[in-house]
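Here chain A shows up in two complexes: once beside chain B, once beside chain C.
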Partner chain A sequence: MSSTSATARRGEPSLGGSSRRLRRIDAVVGLAFVAPVIVGVLALGLVPFGYVIWYALHDWNPLVATFDWVGGDNFRALLSDSTVWASLGVTFTFAILLMVLNVTLAMVLAVLLVQKLPGTTTFRTFFFSPVIVSTVAWVLIWNFLVASNGGINGFLATIGISGPNWLRDPSWALVTVVVIQVFKGVGMNMILFIAALQNVPGDLKEAARIDGAGPRRVFTSITLPLMTPTILLVTMITLISAMDVFAPIQILTEGGPGRSTTVISYLLYRTAFVQQDFGYASAIGVVLFFVVLAMAALQWGTRKKWVHDEV
Partner chain B sequence: MTLSTKRRRATTLTAVTAALALTAACGGGSGGEDGDGTPDGPVDLRMTVWSANEGHHEIFDTIADAYVEENPDLVSSVSFEALPIDTYVDALTTQIAGGQAPDMAWIMESYAAQFVSSGVFANLTPAFSEAAGYELDDLIPGAIELWSSEGDLYGYPFSNSPFGVYANLDLLEQAGQDDPRDLIASGEWTYDAMMAMAAEVSSQTDAAGFISSGDSYSNWNGALGHMWLSWGAQPWSEDGTQCQFTDPEVVEFFDWFHTQAFERGATPLPGEEFDFASGQAGLMMSQMSASTGLGEDFEWDFLPLPSGPAGQVSVVGQGGVGVLSQSEHPEVAADFLAYFTNPENSRLLAQYFPPPRTSLLTIDTLAEAAPNLTSEQIQTAVIDQSVTAVTKMGHPQMSEIADPVRIALDSLWQPNSDTASVMSQICSDIEPIISGS
Partner chain C sequence: MRSDQALLVREAGPATASDPAPGKDRIRATRRRRASKIAMYALLIIMSIPFVYPMLWMVFSAFKPANEIFAIPPTLFPSEWTLDGVARIFTVQPFAQQYLNSLYIAALVTLGSVIVGSLAGYAFARIRFPFASVLFLFLMAGLFIPTEVTIIPIFRWVASLGLMNTHVPLIILPILGPASIVAVFIFRQFFLSLPVELEEAGRLDGLGRLGIFLRIALPLAGPAIGAVSIMKFLASFNMYFEPLIFLRSENLFTVGLGLTRYQDHYGEPIHNTQIGATALTVIPVVIVFLLAQRQFVEGLSRTGLKG
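Let's turn to the complex of A and B:
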């Protein structure tokens, strides 16, 4: 403390030079800390993405070793490919349904489980535990439960209800996969919301109550607005992860029945690794990238209108 | 917009872009390069297989070690890499796309036509012809037909496992059914009779009536391809360029199967899972090799395939092995394969895999491949049928048509579906793909 005061007393020029040097050191140290991430992103993200664009400009079948330049043919074919458009529709339906259900359920659970009541810790653990379970294991267990002759229909039968063929009925398959995914991931969002709820200053809520606000008004006018930064984070993460869903589709439905659960990332996989059309699949990957980017940018761009404290 | 906001937005977008690139980017490698096949020194060879069975690998290693000992200047090691069978072709493709093509690979008969006709497999005839004591003439012509093109051999069908029907005799008796062997003796062993039994098992017990070795609803060629031949059905022309799903025989077969599933309850509905080895099904159509997984929990028998409207058609499912054209050492790999499949080593492999050699088609040899089968079962369900057996169909563009057909068939696997219109839809979907082949 005395050293800083002494430095300040020695005059401005010295203080300015020292400050710049400190800032430079700060910047170098900061860069050193983030360097591994930057290298990782470049090596595992941007460079492969550059390759994907390059592949998308070729007709590439690795089995027969063809790798021929076709320019924008793959992208032109995409525009008139009804399968791709249908798949994008399924993807949006899946992602939006998942995001709405997940975020809503997570919020409800968070509000209930943030209360200091006996048993809340147990319930928090119960809802969070699927997050740490392997996705494949989780989906395989559900595959047995939702099978036509599986546990859920067995239970429904005991109360006189004939359950549908959850994964083989086109009108149920997508919803079933969404629900399975919601249960898998809702615990993480619930924890984030609980943390956000606990960070809402108690004096603000108290002031609102003194002003005559009821519990609902306190939640909608005080708690919810202060939680919007977390809601933004949660919706972005949930939406992006929903757009590239793969394992549940592969294990549960293989994109069927028909194409009712063929999301775009699964179409990409089948096009590349089953039909061996890697060039076209790469073009789908590029489109997927920009679609997700556009959705993330849209969320980010509109945040000022609804996220608290954003300028 | 302030500078800091712009900077923050740019940083965020960069981060999001990078994160999404991770999502969107998959795979890597170049288009692949061919080697000249003349290595300077001993090379390491690699064969991809779909078996992780220790007994299988013990024999592979024994043969490989002997070859390396005889050819130290040519090969330093031979490894056998097991890939999961469910995603075998996908995994193999991934290796090739990543520039890590194996030297040799197993492949199922459904992909044989594709691997042979598109040049994925290299010509084996020169190496096999030059190999001393190989006895090419000993190979059963019907067995190697699928793996040949214009008189040359591109793959060796190391496993020739006949299809038949496994019957859980305990369950059949529990359902009040006659012994199916009596039906065989009286010449009444037909698909309809078999499904009638299955329907009774399904209604009288908790077990399924009839199941196929694969999922009949998603693995259409694997699970049904050996059945429709008894209807005289040919879903595509011999050269694969014409769709024939709309042919009356094909429509009749799929209509029949739909009736068995959705009206008679003889076979499980889509999404229902039953396991024959656990005693959960009365009848199962599968290959001879499936007998190794059966124990003594219930009395069972392995029966010949029943007769359909076009008579009784014996069908063999094959596993073949070939040298990849993209191998770095195709000539060395072909020389090893000639050794791996010569008469002496074929006898070793026959402990697990029914060989395509006439000289080895004996009860003694096949009994080693299927120790749970009696001599009589091997004679009636295997050897007697091998003479007339046909190999299960494949298509030169199987990887391209598999998905469109499966997707179109999904609308058939619903109650009250219209088989004829679904078959028309299949042809509409795959004709643009196959017409240019």
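Let's turn to the complex of A and C:
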């Protein structure tokens, strides 16, 4: 930007007399611009969600074409259904573990790779590449590697460790899926963090440095606070997308062994499309929604404590 | 990038000026820096193994005989190279057709998402219009509706509209449904970082809102368009849940759904063929990524005109 145009602009009076007309035009244009997404989210998000609540109050089996009002029966049944409670626990464990590992690793990688050193571009490519690989492909390959006689255990055997059957051992299955998913997705968050790191104004860091702050102090007092809007966005997206994980579970474990990896979205899928119990599945869907909303609200509600700037 | 160079210069500056005995300290500092650099590279190499090894294993295993996939000890390179597995990729499943399906669906989803997302993102960042904050909150809330929650009514609608076993729901849902909201946020965030002065200059030149958006804001939004395109293309290409629900015939399958169905007539998985098909799914995407990746990373980091 040239500085001459900047000074010229500063001398200009504000948009003055025509501002009311402009404001009216803006109102129309603004609403028109947001209309597609608003209408879309209404029709394909909010309205279907209303239907889900309605369905949840019915006993509905599409195979025998029953659709009978049962009131709160489905929800009452949910409360005493140990499978649902267990899957809630699995979902929380999965999502929180994944978010913590993913965001931490992404931040470490971003801090290492934001430096302009030879090779950092190549490493960025390495860490990012699983992001562009389709989930199914990534999961299928890891399925071979974590098999009881797969590559991981083969490697462990060479250093004298006999590895577990990762996906068939109830105490390892969930962690294994989480780790596979972290490797899959961490590159995206790394890139977002690198972008945020580069957007931290150099003169702020410089000012802190002149005031005698070391590199660590500059990071914790300048860089990190300025990155909190990005961190908020990244943690929210990571957490929410982890709450409704489906493909890795269906392909790797089918919810097993036992119900150790039966996350709630997989339970919903089984209930609806395998057991054909649409009413009960809808009730599970309502629970899934409120669980996701609660986690998001928790993060959003506490943002004032740790986010430097409004998102 | 420019500011980084400036920092390097400044880092060297005050040290030479204020240090009474610069020689020794600087040598020690250089040595320390070199040691930490070596440690950093070692760490990076170890950390990149779980990201790179699976891909290499995949490529080489496609050429292994079926019984070598689970050989003990495990091998990276085939002990005996064979095309047995690869040869069956296109016969066990209509792989080429499935690939084409995934590509064209993802392309349409990307185009639609950029249009919908940039319009709304720009409006939320720049335009004052009634109910803007309410509508924005509505989108924030919509972000939290997981696909799985609303799948039952949408499944019913799709069925009653006769769109089961078609690609229509796979195209419409990501462009307009709750999955479109992230794109709006990315565009909004980008347009907020764009200097308002640029647009005011356009307005003084007589451009209306649409003109400012199309001629000034959008052409500058390359990084955001790139980010959204890559995100939406991959999300669509990665789709698994929706195809699983909506598609029945193998010819209409997306590539991801097809990959899970590499079985012989007895329902036994054909490992080397499946791995070969997976490799064929991954490799072209990786190549495109390697070509476009620099633009993507630089695009994101070049956000705004500062520096």
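The rule is short, and it goes like this: the second predicted complex is superposed on the first by the 292 of 311 C-alpha atoms of A that agree within 3 Å, B and C clash if a C-alpha of one lies under 4 Å from a C-alpha of the other, contacts with A are read in each partner's own complex, and residues count from 1 in each chain.
One rule holds for everything that comes next: a contact is a pair of C-beta atoms (placed from the backbone, for glycine too) under 8 Å apart; a residue touches a chain by one contact, two chains touch by 3 or more.
These numbers were taken from a predicted model, which means no experiment stands behind them.
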Quiz item: Of the two partner chains, chain B (first) and chain C (second), which one does A:Pro257 touch, if any: first, second, both, or neither?
Solution: first
Exercise. Tell me which partner A:Leu204 touches in the superposition: chain B (first), chain C (second), both or neither.
Key: neither
Exercise. Report for A:Ala147: first if it touches chain B alone, second if chain C alone, otherwise both or neither.
Key: both
Self-check item: Which superposed partner A:Leu88 touches (first chain B, second chain C, both, neither)
Solution: neither
Quiz item: Can A:Ala213 be said to touch chain B (first), chain C (second), both, or neither?
Solution: neither
Exercise. Name the contact category of A:Asn165: first (chain B only), second (chain C only), both, or neither.
Key: first
Exercise. In the overlay, answer first, second, both or neither for which of chain B and chain C A:Ala77 touches.
Key: neither
Exercise. Look at A:Phe273 in the shared chain and tell me whether it touches chain B only, chain C only, both, or neither; answer first, second, both or neither.
Key: both
Practice problem: Return first, second, both or neither, reflecting whether A:Phe67 touches chain B, chain C, both chains, or no partner chain. | Solution: first
Quiz prompt | Comparing the two partners chain B and chain C, which touches a greater set of residues in chain A | solution = C
Quiz prompt | Contacts on chain A seen with chain B and repeated with chain C across the two complexes | solution = 41, 44-46, 48-49, 51-52, 144, 147, 149, 240, 243-244, 265, 268, 272-273, 278, 285-286, 288-289, 292-293, 296, 300
Self-check item: Complex contact set, residues of chain C against chain A
Solution: 1, 3-4, 6-7, 10, 14, 37, 40-41, 43-44, 47-48, 50-55, 57-58, 61, 69-70, 72-74, 115-117, 119-120, 122-124, 127-132, 135, 138-154, 157, 172-173, 175-178, 180-182, 184-185, 189, 193, 195, 197-198, 200-201, 203-204, 208-210, 213, 230-231, 234, 237-238, 240-241, 244-245, 255-257, 259-260, 271, 274-275, 278, 281-282, 285-286, 289-290, 293-294, 296-297, 300-301, 303-307
Quiz prompt | chain B-facing residues of chain A, complex | solution = 41-42, 44-46, 48-49, 51-52, 58, 60, 62-67, 144, 147-149, 165-170, 240, 243-244, 254-259, 265, 268, 270, 272-276, 278, 285-286, 288-289, 292-293, 296-297, 300, 311
Quiz prompt | chain A partner contacts - residues on chain B that touch it in the complex | solution = 5, 9, 12-13, 15-28, 30-32, 34, 89-90, 93-94, 96-97, 115, 118-120, 217-218, 268-273, 325-326, 399-400, 402-403, 406-408, 410-411, 413-414
Quiz item: Okay, in this complex, where on chain A does chain C touch?
Solution: 1, 5-6, 9, 12, 15, 23, 25-31, 33-34, 36-41, 43-49, 51-52, 55, 109, 112-113, 116-117, 119, 121, 123-138, 140-142, 144-145, 147, 149-151, 154-155, 157-158, 183, 187-188, 191-192, 194-195, 198-199, 201-203, 205-206, 209-210, 233, 237, 240, 243-244, 246-247, 250-251, 265, 268-269, 272-273, 278, 281-282, 285-286, 288-289, 292-293, 296, 300
